[in-house]
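Listed after this line are the structures, all set down as structure tokens.
In the two complexes below, subunit A is the common chain; its partner is subunit B in one and subunit C in the other.
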Partner chain A sequence: RVSSDGKPPKFQPPPKPVIIDRKTQKEERRFLSPEFIPPRGRTDPLKYYMERKDMIQRRKVINIPEFYVGSVLAVTTADPCASDKSKRFVGICIQRGGKGLGATFVLRNVIEEQGVEICYELYSPRIQAIEVLKLEKRLDENLMYLRDALPEYSTFDVNMRPVPRMAHEEIPVNKLQVRMKPKPWSKRWERPKYNIKGIKFELPEHKMKAAQKWSQPWLEFDMLREYDTSKIEAKIRKELSEELEK
Partner chain B sequence: MMPIWTKSGEKHAVTLLKVQDCHVLRYVSKEESGGKTAKLLVGGKNVSPFSKPESAHEIFKEAGVPRKQKVTTFNVTDDAIIKPGTPLYAAHFRPGQFVDVTAKTIGKGFQGVMKRWGFKGQPASHGQTKTHRRPGAISTNQAAKVYRGKKMPGKMGNIYRTSFGLKVWRINTKHDIIYVNGSVPGHTNCLVKVRDSKLPTYKDCNKNPPFPTFFADGDEELPEDLFDEEIFQFTDPSVTFS
Partner chain C sequence: MRLSVAAAISHGRVYRRFGLSPRSRLDLLRNLVTALVRHERIETPWARADEMRGYAERLIDYAKRGDKDERAMRMADFWLTEKDLIHKLFKVLAPRFQPHPGSYTRMLQIPNRDGLDRAKMAVIELKGNPLPPLVRPRRDSDKTLLNQLLKGYRQDAQRAA
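Up next is the complex of A and B:
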């Protein structure tokens, strides 16, 4: 086209495409920290509401990141006895317990050939920072069997650098099968009640069969043990997102 | 029960008590009751009026209040008398005060002597015939009788017991919740009586509490949460030692 001046028309760049990132919208709702979900019981929900208010207050001051059992964390706590008045501990999270303000997580590491486990309270005011060095999941929810595994599986470098992670990736599941020290173990991990998938059992066949004697196959069909948290979770997620935006 | 942290980083366990529809029902004067002080009847927690006969509703009708599940008496000095019908709130107590909490303990039913009184019982093996949790001897030869009050098996629990000298850490005026130190007798959601502490150490501890009680329609504007001085509030940054 020719404009009235005779010069070529000014270049109009095309409008920028609006990218609706459906993945981010889905990912925002994915993780809800397990200590927010109230346990089954006859307690007044008002008590859990008051606890959640305090938990949200604390989360506004300190960033408590998303992490799972099997991720490597570094925690800095205030300590009156240390020279710098603060202590940093790096370890793999082997257990997450407790509900509400008393939620805890246990970090394990092997320092100078001595296994060390420290149980931290998520909402304790002595914790100054929690960083996730490596975010990943394992095959089990409880890694207490690392106490009876070879020490190489529990050693993590104290000066480890955080492993970079893309913003909206799926959380990797480490399908590592751990080799154990010779028996006796602190617990009989081969028994079906622990339901452990992350150990490479090198026990003879007859021992594995004998352990199945303690299986309780009716438990998965027990309807009284079912606890459907989907609606409760949805409510709590909504409440959290509203409060944290304020 | 919930954890609570102080400014120095120590953790304490705390019980939450909710003040639910408490009203003063009646004033009984010293001469009428025959005691040393005047009494105030207080009722808590509204319940349906249909499960009791009309004769039981007299006290509540006089005060103009729906039927309450529990009615308790408080011994009260003459300058602390309140008009029947006034509602009582959690703000009646202040953080830093000390309090006694009374409630009915969890009922355990008919229990043996080892659980009820803490007897040691007998060994599990080495020839014991059918005797592992029995009381053993109940009296001596000379006495020729069993004394009154001898500890024996019987119904355990479901009786009123008091925890003394519990500190009040925090008060929520919006939901009427009192955060009281330590544990309290009774099961979850049971009815509980909270009273100013009678222990001699805490006689002069109350630093200007609302007297005779906290009136909601008064001029005093309280913030939603009242904290004790030593509590770590979650709006503050993390505790650091220097």
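Up next is the complex of A and C:
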């Protein structure tokens, strides 16, 4: 370098490294269990506040992991009749219902060619452990159509090992399209009211067109039916993080 | 077996039933919302005005998002049947209501309709409209006893100071 006035050039400190803090970015996207969000209605928010306190108490005792509809879970419950006083059931979660302490989830599996569905309550004291064997999402929020699908889509190995998952990765969406048994089904899944994306319909064209007759295109524009939960969610997240740190 | 009583009970239902079908109800309310955006003050039966109020305010909330937003534009396109009003909604009404967080409409009951049905009518208007005000705020006259006493007190305080 050519020095100005004969002295060594002025020391230029190296540019400061830009630290992108991944942890704080991921914190914003943390999972909030759907049963914490109160439904729209005229009930006193005090009821939901008290239920949330009890739910947090229970969560401090037992770890209820994050899971979605379409993930495979193993649940051990207490049972007085069993030899070990506990029973283990493995299945795919097809539905998550209820709000507050009565929140439930339904697990389905096919055991010895018999389809079995068990509805567990998340906060029941009889549940000893909930383990997520495979964490993934599906294209729909409700997989009740698996009852009318071929049994291979509902069978899961009872001694399945948990699928290892890298921490802080995006939850994979399984875009599986399920094949169905021949009609009649328990519900007319091709109708637009169910809005199912995870079935590979092999029905003839005229049947699919006839099902569209029941579509209600104006529902999407009915603004008063929308329930914006962003502010409520933010409040509940803050409450939860404060309580769980105690 | 009394089937008719159960059909008349509507516990917890929030949406009123208008017209021939749910589609027709939305069309009716859509016409009213368009008229409100065009004339900024309309007279309608009270029930229709009440139902329409929620939709009008949500439409303005959508318009506040800006016209670049895809969903806002689709909503405005559906709800306003006269397409020149979409421009008015995004360029005139959205900036007017930008500082306000909530209620953009005012609804007042007026005397029943003159026709045979004597329907309960209401006038619904957007706040900040250029028309003359519906309600003139009445100031208390200076000649009431309380105001005279207060005036005297103020004068005494000024003389003492």
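The criterion applied here is as follows: the second predicted complex is superposed on the first by the 219 of 246 C-alpha atoms of A that agree within 3 Å, B and C clash if a C-alpha of one lies under 4 Å from a C-alpha of the other, contacts with A are read in each partner's own complex, and residues count from 1 in each chain.
Throughout what follows, a residue touches a chain if its C-beta (ideal position, glycine included) is under 8 Å from a C-beta of that chain, and two chains touch if they have at least 3 such contacts.
A quick note: this is a predicted structure, and the numbers were derived from the prediction, not measured.
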| item | value |
| --- | --- |
| More subunit A residues in contact [subunit B versus subunit C] | B |
| First, second, both or neither for A:V61, with subunit B first and subunit C second | first |
| First (subunit B), second (subunit C), both or neither touched by A:Q216 | second |
| Partner chain(s) touched by A:L224 [first = subunit B, second = subunit C, both, neither] | second |
| Which superposed partner A:I127 touches (first subunit B, second subunit C, both, neither) | first |
| Common interface positions of subunit A, toward subunit B and toward subunit C | 41-42 |
| Sites on subunit C touched by subunit A in the complex | 12, 14-15, 22-23, 26, 54-55, 58-59, 62, 74-75, 78-79 |
| Touching residues (chain side subunit B, partner subunit A) in the complex | 2-3, 5, 9, 11, 16, 18, 172, 175, 177, 188-189, 232, 234-242 |
| Parts of subunit A lying in touch with subunit B, wherever the complex brings them together | 41-44, 46-47, 50-51, 54, 57-58, 61-62, 78-80, 85-86, 100-102, 121, 123-128 |
| Contacting residues of subunit A [partner subunit C, same complex] | 41-42, 216, 218, 221-224, 226 |
